[in-house]
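Following: one structure in structure tokens, then a few remarks.
The chains carry the letters A, B, C and D, assigned in the order they are written, with residues numbered from 1 in each.
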Amino acid sequence: MSEENAKPEKAPDKEKEVKKKEEPQVPKYTGYDYDCFLAPQELLKAVTKLDHADFFLEDVSCVDMQEGFQVVYHFDRFSQPGRVVLRVMISRENPEIPSIYDIFPGAAWHERECFDFFGVRFTGHPNLIPLLLDPEHQGPPPLLKEETALKDLNQLYPDRVHTPVSPDSEEFVKEINNCSNQKSRNQS
Amino acid sequence: MNLDLRLDTSGDFYARKFQPTKREDTLILNMGPQHPSTHGVLRIILEIDGEYILRAEPVLGYIHRMHEKMAEVMSYPQYLPNPARTDYLHGLAWNWAHVAAVERLMGLEVPERAEYIRVITCELNRITSHLLWWGAYLLDLGAFTPIMYAFDDRERIQDILQRITGSRLTYCYYRFGGVSNDIDDRFIEETRKQCSRMKPRFKMFKDLVTDNFILRKRVEEIGEIPADTCRKYGATGPVLRGSGVPYDVRRAEPYSVYDRFDFNIPSYDTCDAMGRYLVRMDEMQESIKIIEQALDTLPEGDYIMPKAPKKPKPPAGDVYFALEGARGKIGFHLVSDGDKSPYRLKLRAPGFSNLSLFSEVSEGVLIADAVSILGSLDLVIP
Amino acid sequence: MIVKSLRETMLGMWSLLVGMKVTAVNFKSTQITVHYPREVVHSLEGYRGHIELVPSDEDPYKPKCIACNNCVRICPSACISLTAIKPKKKAAEKTEAPDSADEVKTKGKKEAPAKKAKPELESFVCDYNYCCLCGLCVQSCPTGALRYSSNVYLAGFTRQEFVLDLLSRLQNQAQKKEQ
Amino acid sequence: MAQENQDLIRPFADTATDEPIINQAPVQKILNICRAMSLWPMTFGLACCAIEMMSFGMARFDSARFGAEVFRPSPRQSDLIIVAGTISRKMAPLVVRLYEQTPAPKWVIAMGNCAISGGPFVYKNQYGIVEGVDLIIPVDVYIPGCPPRPEGLLEGLFQVQKKLTGRRWWPLPEQARTSDK
């Protein structure tokens, strides 16, 4: 914890200790039950699998970082709640990713929002026009960060595996079938 | 900035981009953004054949207020007042989502009393939100009287909340690690009084409106949304529960102390506007149940953790925190880089997903029914 | 078929009657309208209006504010601006070292008896047009020098009217109290 | 900030109006009193303040007592525009159009800080909102607050009446008189 933070409450030693232990780790609670990286070309396959497993789409968002744009898809399930997050890395020079509109029509607006704010192009999207932004908006997409402010993957997600998982792999299938927030809840 | 903001007469950007069906003799009608039934500023481009809608496309962003960009500019405490303005009817839930996401990321333990206070105030706020929806929805359907009754109760609850939180609508009450000030005996007493006052009111609402056959004709079997459509579009909240799926974040992913209370999750499998209507009416009663239980078991203790950080700097990482708002699942995806302001904040507004299924549902219905469907989705457009 | 529709109509008519009964019952209930300019809502307690300065205990013309700028820093909409005169004259009289030590002490303590090192507040302006009434400034104040006003009756013809000079307001209030 | 941009955006709304048919002072005076007592507001809820505008019309505050009960959805039937909420750049042309569609003796209330100045949504490099409705249409009365209480809006209504007729028709509430001025 920073000095600034510690000042008003007279440097709580205990909290500092907790912080020290935590800092190198991932935060205790992330809200995710299964977290995986995917290669862009395998996104559709993975999403189809999630569709068959009765997941619904929570949202599609995008994080701008040094390596490129990380498009983040959140899924959850009504019957057996458990959050699955898919992360796909795409390059800054050519920000293109297949649209999942055909599988989840609800993604259409989320994708348009990402297009608005980051300029990510979703190939196969039927109607990729500005949604929230003024169509006469000039200049770069508003949520792009400046070159100097960009962080890289290890700074943002320390201690996490960044190697893409194949949606055909047993691990993926097993995880999405078994994931449920019950087990992560019991831990905390 | 583009200086010429005047509209050109040949139709603006969205009208030109609108893809009508290939049929002849249809009319393209522009509804909104300044329209009494669109609840805020929503614009819908309709292609109609007589009174029937062939295609509807909502256009939004007329009150886009750059919340996500603001989060990156401001520090965590400075962003506190803003989430409540995203969904101004259920502001406390958004306030809570922001606070809780940061707390989870930092691993803060909130005192129990604070959790109880949060539950009580959030549920009170949920009732005000549903009451307003109830009044406004019936106003859309042509009934003026109910909104007067709804506002009577709403004002009373707002008085209670205002005494504690300081505002009537756009609350900024929760703080990292607790709430900004404690509740007192008068609050408890007034809340109890209000709860016991509300109970017979629900009976009255039922007699006055729910059983009314004019209303029933307007909402029954209108706007059927099958459960699978909800899943495909990610619709949550009363829209989903009106389609027969008893999914509630308070039960599915219990946050705070919700797992200690006994409450039902109302759901109706009629899938129509009536189902959604009844879900909300029942939900208000469930909220009262929760409030009374919480008041009964309110523990003593701190209302904010003693070492609550004034300027939090959560560790690097990301967190997704979801909670149940009046309109559905509110999600906060917070990516932190260990600095004093978030690296990226993504808000999941439930109204956004709920509205996106409108164009599918409204195909082939009458214009008057479209208004009914739109109202039953209960929108606050982000 | 006819029986069914007839039955439906009868039930419908009955539901209307029940509704009318509710209206009739409420017709007799007490009025909830507050006749505004002649009477006001009793529940303004707790409402956060714009901020006001709190006078210090000794002198009602002087604010408690110590010009620490905490409120300026925390304000999300940057609507507070304050300037303070640093007590230069007195610093010149003294040697430097004890003065700085003194200043540290006074900042640490709330009501320091040594008035010398306390920076004098020159102006305190709150541009109410940008305020979002979050109350973070009041909470961040170390000396409790800010409070909420319950003046909700503001309306004017120009927006400059709501750029509030809180220091002169404080002095006006003190004057009023004396009278 | 907003003041710097002022020249850029102005002039926006077309404020030209026709001369009244009977342009004589006493007639206009009587007409103005009539107008002041039956101001018809337009439902122009843009954001949070719209909800407070609704409670202003509802039972507790009951704007009907001052002749302003008929919230008209159409600009053609109203003469008081209560701009309640944030004006995004996307909405700005439509605000101007609605203003221009309102028939001539018309008054504008900017309700809430967002309408006055952009309020809490003003920051450096913001890309989406107009910093104050007075940059695009002329405003008669400002009501600050975020959101203002319905009393504030009632006071605003009185101010419009004052502007029209030159006097305040209703007593000042006790609290406002005693509270710090």
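Miscellaneous remarks
Keep in mind that, in the parts below, contacts are C-beta pairs under 8 Å (C-beta built on N, C-alpha and C of every residue); 3 or more make two chains touch, one makes a residue touch a chain.
Just so we're clear, the structure is a prediction, and the values are computed from it rather than from any experiment.
The innermost chain, defined by the distance from its C-alpha mean to the mean of all protein C-alpha atoms, is B. Using CA-based centroids throughout, the chain positioned farthest away from subunit A is D. Averaged C-alpha coordinates put the centre of subunit A at 43 Å from the centre of subunit D. Separation between the centroids of subunit B and subunit D, computed from CA atoms only, is 28 Å.
Each chain gets a centre from the mean of its Cα atoms; for subunit A and subunit C, those two points are 40 Å apart.
Among all residues of subunit C, those that touch two or more other chains are 32, 47, 76, 132-133.
Counting partner chains per residue, subunit A has residues 133-136, 142 touching two or more of them. Counting only residues that touch two or more partner chains, subunit D has 59-60, 88-90, 120, 123, 127-128, 146, 149.
Looking at which chains touch one another, you get A-B, A-D, B-C, B-D, C-D. On subunit D, the positions that touch subunit A within their shared complex are 88-90, 127-128.
Touching subunit D in their complex are the following residues of subunit C: 32-41, 44, 47, 49-50, 52, 76-78, 128-133, 149-159, 161-162, 169, 172-173, 176.
Considering their complex, residues 8, 11-12, 15-16, 18-19, 21-23, 26, 32, 43, 45-48, 74-76, 132-136, 139-140, 148 of subunit C touch subunit B. Contacts from subunit A toward subunit B in the complex involve residues 1-2, 4-5, 8-9, 12, 15, 18-19, 22-23, 25-32, 54, 56-59, 61, 63-64, 72, 74, 76, 78, 81, 83, 85, 104-106, 108-110, 117, 127, 129-136, 138, 142-143, 145, 151, 155-158, 181, 185. Across the complex, subunit B is touched by residues 5, 8-9, 12, 43-48, 50-52, 54-55, 58-60, 73, 75, 85-86, 88-94, 96-98, 120-121, 123-129, 136, 146-147, 149 of subunit D.
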